[in-house]
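Per-chain numbering from 1; labels A, B, C, D, E, F, G and H assigned in written order.
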């Protein structure tokens, strides 16, 4: 069995973790890899913490659910608490540096814990709405699971219809992706 | 309007619900009757978007009772029709399905199991095994395929139409919330190019004036005396028993070499298979058996697979629904049975592996 | 001498006669009206008749037309499914007041709202006859049944359900709703015929409630039976058309 | 079709000339269940219980040839189509 | 108005439906919610005649869904309430019962089985075993008493109320059309004089202002995440497992001496018992085992009873519903199982005797 | 400075706030109106609140009143059972248009006919919100939903269900039926209060449909949300009282 | 186990076999015996053949259904055909002499076949409405399963309210019972 | 009762004096979901998005003290009771 990269992304309803997962797995598809993505969905339409479980590999992915992620990302305080169970000794745990009051709740057993200023960078350097693409960049940077090129292609595929109307959006998204990658550069996560 | 939704083969990456919609289209389903319920909703969403392009129809009914009974109506009028539901909707669906069972009306229902009992969760489960195999006030003369991947969801949804129309028993594709909502890759194809597809036939509304040119269809499910029912039922049971050998399907691995046999179905089987294969590669004496048809159950095949086993582990996201099937079908054997019951929650390969190792090492009684 | 034959509608199935209904049962009259309407419209070859569970089930082999005997309350959705699958057929959903107004009322209400192009004929005999005479939604104030042995108490369980009135209230153009009675055979037959024609014209949901007799559960002799349907029942259930596609007649 | 044997109720029919020979009142005991609905509805009071038994062993009805005007009401109200009024001029 | 429908003991001769009405009255049931269906109608008929005399209530609902859900409402408000149904009504009743199962609402339902599937016959059957034990989208956390005589119908209807309110699992009295409609003698009594009766308690509408004087009752059956459901379910399952030894009931005869063990339940057990006792008197080595609770099943007791058996005969008016329970609960044994399946039709002592003799004489393989 | 507290109705459960509904969801407003009505009538200690499956289920711990979250479409019978068992309680059945007009419409129609002494509040947001925005019986002509991606076609599936009108058509004296809107808060609250008072007076079945917002499934921003409910919806769903126990007001 | 007398009565809906069974078993009850009576009921309210299965014994009756009756009574042509299956080599088969066209359908294996002119006697000597009581008399005469005294008591119990209004009815019923017994006298059925 | 810890949304409230000091506009970011219904309904156009984020990380609203007449409409239309208009004369 080939190596499977396992990614769990968790955030509040509006934070767009599911789109990140979708684009990411589509990029993997474009790359000719196998991917499996399953959202964790609850009863509420909005308001709950939403988790995306993503697996990418060179071969068919055996099972949809995993316990421990290679990389686990949490974008809100509630998300930090919810995903603890998916962190193991091999996990890189990533959370947004702006989340307050979770010191107690950070996983104790992770291989590495990274607080990245994604929200800040998005808000200040780019635009709040590309926060999630920035996160996607960070995940790609940390895992190298897909190439930047295919990631852009997947974004294009998904948001192309929007880019047609406002071409500056494409630029903004691609920059967010690159900034995201930069955020984890040199953090020695691999 | 293009009549062929798919030509040739095509690799795609989609959710299970989308897969079902495509499979039904590909199989030539002409109309879907349904009522919303999570996690099967997107079957209807994709269907309502795609169907009009291929001249197919849709009706959203007032509840699952109506979805089941309009489905029956559609089938009686000669259409390849289907429905999809889950959880409490599956409970209600038993009423129409019991009528289909009694009247030998070929129906196809895709069940995306969710947590139970009652409303419970919208997520995932394997707790509708009892219900789907034996729901209704009858003997469970049905066919239930338990799928584990998107490829199977596609293949068996197509197959379900053929099975239903060939044997005239209500046919179910039993998947679950994970399969419904996850995305993975599969190859979709035009089944008409690959296999013989069974075509539907009208039960009512055939040409000619009844009583003049032909006999009228007088279809019923009520009988006045016990013996009349017994006669009708005996015929159906005989037909069912006769079909069993043609219907049963299973998959197994390493059963010749294994001392520990792991039994699982559906999506849980994937976790079990991964754990077992890993362990087997590591040289441990472990294999698996996976029923694909839960009803009829591959009894002979299970017995054969268990011949060498010193212990058996049943793994399921339910509290003993598969386990009871295994015990019943393995009656006569006395291999110790171990269990891993996680009603309503997913099971990971790691968890299965851990349990297997404990059992192989004799750490768990 | 010429052979004398019973004057059954051509669409009746002679082999299942005498039919299975009790002596004096109104079902026979409703089905005679329906049979004559089918004959007159010349649609025996494309009618599909669906009967409910209730005494209506006894009509499962009544006609020489394709027939489906369904479940209690579920004839409406079965016929909806048939009609949608093959719009060329003329479908008739035949049911009792229990089947239509109680256990199957969601189907009635929603088929009406969706303006399904089907014809429903609902037999109102003010009780659950097949099961031995319990209260129905149509049981009248003070009426004794097996489950209202001391008479239906409006304080406890309200007034009888008004079906055609309800259908009229929730449907729009194209629908047809009327109440006839086996005691007014010609009128009933006219309503049934219009309900079939309305379906055939593809206009919309067509509903006829037929007041009908049940001497067995009413425990009435012939004279009392007529009195019950003609005098008692019409106090609560006015006859007439409640919705007609183009301008109210009658 | 119609290959089945003729229904039993056709075997027997009792006829009475009514309305001064202008019509025949026919009753099929194989169909009559003796409910009496017809008897109540006859505007002339022309129907009475007959000695002949119907399909359930209950009495059928028979018209008084003097009173019956062949109006056809009994035929119409019979839920079992057990009565047929045949106008003789038409028949011949 | 007299509050005591029965004082002391009284021998009576009545139909089973009448017995149920009297038993419910005697047990202090305060309200019945129901929908007509043969063969249970007369329970409602007797109830509506008797109830007002003792200040009890009745509501005829619009269908069995409503009967089940109004029943749940009545119980939540603190009343001893019950319902009765059969066949297709039992199918629909599964929806409310799955809610009761999820929320641990004590319900009592009397099921008078009729032929199945679908409308079938109004007469009699044992084809609702699967449905009553495991209907609904859950694990079947229920108690099902299978009665065989009017005396038992009286005793167990009373017991059902105590079981339901003590353990808070939906409780069923599973009888059949024969029991419903036949007349035989029994002794009725006032259970309050004989045993401790469990009294109901309101779930909602207790004294005090919620949030001020007490916690509000916030009762639910829906959960947002898998783990939440798992936790709730695990507790219920543990409660159920714990109750099993207290709940299981059975009856057996001559098992120590028998080479042939006949297994049957309900009214069929009477035919089996008669045949077996006759044969035993004639010196043949035959005994019987009869589960009274079909759910939970008296597994240990069956194993014990089967210890000496060389062959087992399962007799039922269904196609293998009891048989599957037997196989599953006897897993580990390998005694040859013979069957006598008569789905939807009655079984006479003569028929059982004949089969037993053939088996004892080794005439049937 | 004095402590500033949110002005929640006293009967709300502060511990479950912020509630689970989406931003801009009208459920919050309906439940605010109900909460205020309960407070003003002083019945917090005897209200039993029942919520359906649908977004309404998110209110299972919304109030500090005894609450039962039931099944999809089944809140009406559960509350009927509670009320009949303990008539001293004031029961509220809270449901969506799917629960009330589709899967549970037999319960609505029959509870109305039997004149059950309960109060039903039905939230009409023209779609099945909880399940992600499918067509409801109340979906308007041309409206796009997940199961009418090309817009609801009246030829295929008819016009939206008119609930209070239907209830008014089948009930008699004692019943109450009205349609309010979260966009007319004071009026809605008045209707709800009258519906509760009508139950408390033991007069009969009391029904309020509340037009409500669902920005999530409508995919509307705040301005569009208001426009949708105030302009589009009222074209099909007139506000007002359709049945009042003693003389029509308003 | 004590001897059980098994009686099957079959007739058309209106012929009153179920009342016969009811009165008969009530008489047995009054006698202190055990009785079990089960109607065979179909879907139709009226019009089908109706069968009553009665068992009377000194001890509890084991099972509700039996295959072969000690005495089997058929009151119409359809009834003759329906009850054939309940006739065995020990069975006394009784049918009304007025039934036509059943010669072919009479059981071949009965111990004894009795054609009794019950309808004729009822119509001519008594009144058509006591036809069923006459049949009851015949059954009692043939089986001696209850005493004439208790049979009268059971009739009284059941129809007493009618007798109060029209006392001549009591006389009529009792006479019917006795005539019934006479019908089988000397027929050596025991 | 009420033994549970005070709900989190009580921890923070932003107040603005409006209507010439005759009233206080209070918003609870722990309740505000940023739906904007209030903003649309303000007859004076006094509400605008705030820098302060609400419970879902979306902007809350803030009044223009010059424009707000403390009419209370925003309070009424808020489905979350996130706004409270407090008339100062009453409070003191």
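Brief remarks follow.
In this section, contacts are C-beta pairs under 8 Å (C-beta built on N, C-alpha and C of every residue); 3 or more make two chains touch, one makes a residue touch a chain.
This is a predicted model, so every value here is computed, not measured.
Counting only chains that touch, the fewest steps needed to get from chain D to chain H is 3. Interface comparison, E-F versus A-H: the pair with the greater number of contacting C-beta pairs is E-F. Centre to centre, using the average C-alpha position, chain C and chain D are separated by 26 Å. For this pair, chain A with chain D, the centres built from the Cα atoms lie 87 Å apart.
Note on chain placement: the centre of chain A and the centre of chain C lie 62 Å apart, centres being C-alpha means. A straight line joining the Cα centres of chain B and chain H is 53 Å long. Within chain B, contacts with two or more other chains are made by residues 38, 59, 62-63, 88, 95, 99, 118-119, 121, 123, 211-212, 221-225, 346.
Taken residue by residue, chain G touches two or more other chains at 40, 42-44, 46-48, whereas all remaining positions touch fewer. For chain C, residues that reach two or more other chains under the stated contact definition are 21-23, 53, 57, 69, 71, 102-103, 105-106, 109-110, 130, 132, 137, 157. Across the interface of their complex, chain F is touched by residues 35-38, 41, 44-45, 48-49, 52, 58-60, 62-64, 88, 118-119 of chain B.
Chain F contributes residues 11, 13, 44-46, 48, 53, 57, 60-61, 63-71, 74, 77-86, 88-89, 106-107, 109-110 to its touches with chain E in the complex. The part of chain E that touches chain A in the complex is made up of residues 222-225.
Residues of chain E that touch chain G in their complex: 13, 38-39, 121-123, 178-179, 181-185, 267, 270-271, 273-274, 277-278, 346-351.
Only residues 101-106, 109-110, 113-116, 137, 154, 156-162, 165-166, 168-170, 172 of chain C touch chain F when the two sit together in their complex.
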